[in-house]
Amino acid sequence: MSSFYTATDHFVLLPALLLALFACATLLFDFWVFPESQRRKHLVWFVLMGEVFASVAYFRQHMFLSQHGGELQAFGGSLVVDQFALYFHWIFVASTVIAVIMSYKYFEVRDEHHGEYYGLLLLAQCGMYFLASGNELVVLFVGLETMALTFYVLVGLLKRDQRSNEAALKYFLLGALSSGLLVYGFSLLYGMSGSTKLREIGAAVASRDSGDTVLFLAVATILAGLLFKIAAAPFHMWAPDTYEGAPTVVTAYLAAASKAASLALMLRILLGPLASSRDVWMPILAGAALLSMTIGNIAAVTQTNTKRLLAYSSINHAGYILLGIVAGNQTGIQGVLIYTMVYVFMTLGAFLVLTVLCRDTTTGEDINDLHGLMRRSPAHAIWMLIFLLSLAGIPPTAGFIGKYFIFLSLIETGHYWLAAAAAVYVAVAIYYYFRIVKSMFVDKEETEMPALSLSLGTRVALAATGAMTLGIGIYPEPFVKFAQQTLR
Amino acid sequence: MLDTMFFYMFALLAVGGAILTITMRSAVHCAVSLIASLAGVAGLYLLQKAEFLFAVQIVLYIGGIMVLFLFVIMLVNLDSAAKERQFHRRWIGGGVAAGLAGASVLWLLSKGAHSFGSPAAQAAPSQDGNIEQLADLLFREYLVPFELASLLLLVAIVGSVLMAKKRTS
Amino acid sequence: MLHPITINHYLVLSVMLLVIGIIGMLVRRNVVVMMMSVELILNAANVNLIAFGKHLQDLNGQIFAIFVIVVAVAEAAIGLGILIALFRNKETVQVDEIDLLKW
Amino acid sequence: MGDNLLSLILFTPLIGVLVLLFIPGRMKDAVRWWANISAVAGFLVSLPLIMNFDKSLDGYQFVERINWIPALGVQYLIGVDGISVLMVMLTTFMGMLAIFSSWDSINDKVKEYYAMFLLQQVGMIGVFISLDFMLFYVFWELVLVPMYFIIGVWGGPRKLYAAIKFFLYTLAGGVLMLLGIITLYLQHIAQTGVATFEVTQLMNTQMPMWMEQLVFWSFFLGFAIKVPMFPFHTWLPDAHTEAPTAGSVILAAVLLKMGAYGFIRFSLPLLPNASADRTIVNVLVVLSLIGIIYGALVSLMQQDWKKLVAYSSVSHLGFCTLGIFALNEQGIAGSVIQQINHGISTGMLFLIVGVIYERRHTREIKEYGGLAHVMPNYAIVFAFAMLSSAGLPLLNGFIGEFTILQAAFQANMAWGAFAVTGVIFGAAYLLWLYQRTMLGEVTNEKNKGLKDLNWKEWAVFLPLMAWAIAIGVYPKPYFDILEKPVAAIVERVNGPKAPVNAAVIELKKTEAR
């Protein structure tokens, strides 16, 4: 091993290498080995195999960390593996696996199946790896762009559907703007410290007083970029359009994994180099959180497209997650982590049910398409109910545990009014979630629809997301412990 | 003194080109203005002894990206677009908001700029070794992002092909 | 008469580019021009990076700038690809005519 | 079995649901049979509870404790005292009757209906036996979803509006209550370093008065919306009117009691200083009195039979909260007994409306008249229910109302005086209702051929009537069983109090573990 690629470096980088390797191989396989469309399902297995390999690598890191504690730095501190990073890596693995499983059938039905899709999914996850593990501005930025570019393409994957084209374009334009703002903020951070390593930046930032204007500008532009990525108000405009236009499986993956990855980035930066300027960003985040909950809830009430409705609800969830960061103590960050995990599973689950509805005759996106689902397919209706209850935060589902921690941290830090507002919005949210419930359980379908048949993959994905949503809710102990361990 | 003059020259080119970019009617003209602006920025790099960046800016940005833009402009035939209204109906609001934001940002920076103290007492990089040092840094310290950039470009290639190719079946 | 050029000059220049870029994003209807505005914003960041690098006698800024340019290339490629895909379906590049979704 | 009796009671309906899921939905009779068997089993397993309950003991009995989520300090901690025993019995008994009463009236989505009903039983029993506040909260919210469906799917014409209104109101109250719970929990950690939601431990928490009041109001929102107390009652008439008969019965008989129970079990013992605070007591009593009189007056003006009964609930529950905030032993004991009475009487009244609604599909009072000639048995049952609800001596309603009035007079003459007017109005609207529907000549042709009660309906009414008489004639066992827990609560509220820290207790930065 040469001096600039040590065994530690290899150990840390291995999961990303594997993901990239399998991504390239998937692309090649699509091109050389399985060019015929009916063989495409082998690609799914190939991706899953890649995930298994990556998981083994993650698991070894996990074991190493739990034995030795602390963190592993590689490449002179550019990459770091700690419990925090691993926590998010596991989330990425889980959501990618579920997304892959649910994708095959969906794209077949939409008759827009591209083998490149699977390679791109892995590449996106690769970008996410660097978002969670990167400890250096350039790595973070390029990682973020790798993920974002992949998503621009994935959103536009239904090339014959104008809505998909539009969604991709809008996402791209606003995403590029936000990346520009983010990198502008990064450049100021670099200017303040002369380094791109987060640790050194942290020292430089800490030496400035909190009224420093350049610091403020840096914080503002970086926050603008980050809030954009997690679809928090006032930078949420892209979310409803993009969620609606994108293929539903991509919407699910975008809503779940991309948001989790962006949150990892956000936490890394806010709790790392910018931790000392908390007074600067905390009020901004509190305002953004309130605005997100308000806009998300109010706009969701009138939506007739389920995907749009869930998009606004995800804006609302971004608000709750931000509140955890606003509280900012141990409990709050723990709450953010748990909320993120919970959010990933329930969101994937809810979109999964929507993809199942997608058939030749209907896209399953209009809220009326859910009519009579209870009669057509009780299992789906009940799973969807559980996901919606969880999204609303009703015990004993996982969503409650997430919200509980947010409330706990807010009260612990004395933000009573924020807590009260967040609590009232729980009740508002139930109103539009239960519009979906009403559509499924009460309304009758206009024309008799056949019962839904299920592929094995969908069954597995549904069972997995459902089990997690219920499991975290009923017995949260191991998950809470996991999150606590992450922060130690 | 010469440096100062050159700075103002290039800065004028950069800002003027930028303003023209967002105001010109025809997309081709916009692209040409953007090239001018980028060239101005490239000149600024040269002024600051960032020769490699200067080269990259010219070759990659002006040579690569802008050609891509021009290519697409030709491909999608924007002639009709040039005849239409160029600005949003809400452009005044947007412009004013952005202008205000810019003014406040300028003010912020002018207040805070003093905080960048004197340059660190560090050995100035030898003039001729700039690119060597850069390469050294790039392949040692920035090995990870360098490799990651290859993935980024892979995504770009696959993605743009996927997006732009015609459906065959 | 002319002051020596300091870091502040560069910062002001970069802010001007940034604001022009943002204005371009907000007010233009033509998607291609909006993409060009993004390039302006990225250049603003680059001007910053180079100026800081020079000021601090540090090469990291230049490296960062190189990566920003690489990202700009990739972004442009993807964005134009998406634009072509859209143009195939709908013969317009005016952003407010792209209105199937509510925006 | 003795050690896990409460768990058995709690989970019997759940087992019923799980088995029910495997019965094909089109075998409606099998579903009905199984649901009824589960409900009867649920009642039977609860019988040993009351038989083995030792009323001479202080504290909680049949306690079970399992560490559920140690990371949060949440335990699966259940147990009963005299108050909860009565509520559990009421729940299992009324649940059984309500489920039986839906045998003929529900023909659509039968399986889902019974599943929801049994699930709701689990939630309600859980609420009454939880000794861990978070566990309590989980059950509290768990009740909402089945009730939403019962109203929203099987309800009347405006069912969806009523269902979502019910859900929104109670959920909003519930979540705000959660904030209060968390505040209390954090204070407890700050003072003792122990993270727990165990109610008896939380009692040791001392808070500055302002904070205690804040927590009290947050609890108040949760409980008062559920009861419902006066300004928060607007969801109740809608929900009651639109719900199917059995849903109304359960809603009136058990669900509303969760709010009053919450006041007795949590607000008073956990926040004794705030609960005894003059302003707070006055506000609550005034709201109760307004509820009593307003509910009665509005009942007088109703054209809709079921709505009338619904508003009478507002009035009756006003008595319950009045009793609680008289803050003496008679008041609280009377309140608990009145809750049971209200469950029996109002449950019967809703069933009576249900009987006629099934035959005629209208609830307009003016559609009826002279039914006593057509359906004599029905008229007798109705008369019985009406008298029980109006508080005729020797029937159950009398005991509760009388005790509460006594307590109110004891606490403050004016309160008692106002409450008495409520009793009078109560008698008025019920008698007038009876006169308009049962007495006189049969005015409407459609009513001529109505069938009298069938055996299934008798089977529902008879146990209720028996229980009503039993309470009315011999209420002593109820007072006996309530004596110890009520005394403890009153002692806690009125007794010598531990000094309250005047200084603000800083919330320590704590970790939930």
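Think of it as A, B, C and D in the order they're written, each chain with its own count starting at 1.
Just so it is clear, contacts are C-beta pairs under 8 Å (C-beta built on N, C-alpha and C of every residue); 3 or more make two chains touch, one makes a residue touch a chain.
Remember, it's a predicted structure, so these values are computed and weren't measured experimentally.
Peer 1: Looking at every pair of chains, which has the largest contact count?
Peer 2: B-C
Peer 1: List the centre-to-centre spacing of chain C and chain D in whole Å, with centres computed as mean CA coordinates.
Peer 2: About 64 Å separates the centre of chain C from that of chain D.
Peer 1: Approximately how many whole Å separate the CA-defined centres of chain B and chain D?
Peer 2: Using C-alpha averages as centres, the distance is 69 Å.
Peer 1: Let me have the rounded angstrom distance from the C-alpha centre of chain A over to the C-alpha centre of chain C, please.
Peer 2: Taking the average C-alpha coordinate of chain A and of chain C, the gap between them is 26 Å.
Peer 1: Between chain A and chain B, what's the gap in Å when you average each chain's C-alpha atoms?
Peer 2: 30
Peer 1: Pull out every residue in chain C that's touching 2 or more other chains.
Peer 2: 18, 21-22, 35, 46, 51-52, 55-56, 58, 60, 63, 67, 70-71, 74-75, 78, 81-83, 85, 88, 95
Peer 1: Give me the residue numbers in chain A that touch at least two other chains, ranges are fine.
Peer 2: 138, 142, 145, 149, 152-153, 156, 159-160, 168, 191, 194
Peer 1: What are the residue numbers in chain B that touch two or more other chains?
Peer 2: Residues 105, 109, 113, 116, 120, 141-142, 145, 149, 152, 155-156, 159, 162-163 of chain B each touch two or more of the other chains.
Peer 1: Return all touching chain pairs.
Peer 2: Here the touching chain pairs work out to A-B, A-C, A-D, B-C.
Peer 1: Under the definition above, what is the set of chain C residues touching chain A in their complex?
Peer 2: 14, 18, 21-22, 25, 31, 34-35, 38, 41-42, 44-46, 48-49, 51-52, 55-56, 58, 60-61, 63-64, 67-68, 70-71, 74-75, 78-79, 81-83, 85-86, 88-90, 95, 98, 100-103
Peer 1: Taking the touch rule as given, give the residues of chain B at its contact with chain A in the complex, in rising order.
Peer 2: Spelled out, the residues of chain B in touch with chain A are 105, 108-109, 111-113, 115-116, 120, 139-145, 148-149, 151-152, 154-156, 158-159, 162-163, 167, 169.
Peer 1: In their complex, what parts of chain A are in touch with chain B?
Peer 2: 4-5, 13, 20, 23-24, 27, 37, 75-76, 78-79, 114, 116, 119-120, 123, 126-127, 130, 136, 138-139, 142-143, 145-146, 149-150, 152-153, 156-157, 159-160, 168, 191-192, 194, 208, 212-217
Peer 1: How about chain D: which of its residues touch chain A in the complex?
Peer 2: Going through chain D, the ones touching chain A are 68-72, 109, 112, 137-138, 141-142, 144-145, 148-149, 152-153, 159-160, 164, 167-168, 171-172, 175-176, 178-179, 182-183, 186, 214, 507, 509-513.
Peer 1: State the interface residues of chain A toward chain C in the complex, per the touch definition above.
Peer 2: 137-138, 141-142, 145, 149, 152-153, 156, 159-160, 162-163, 165-170, 172-173, 176-177, 179-181, 183-184, 186-188, 190-191, 194-196, 237, 240-241, 244-245
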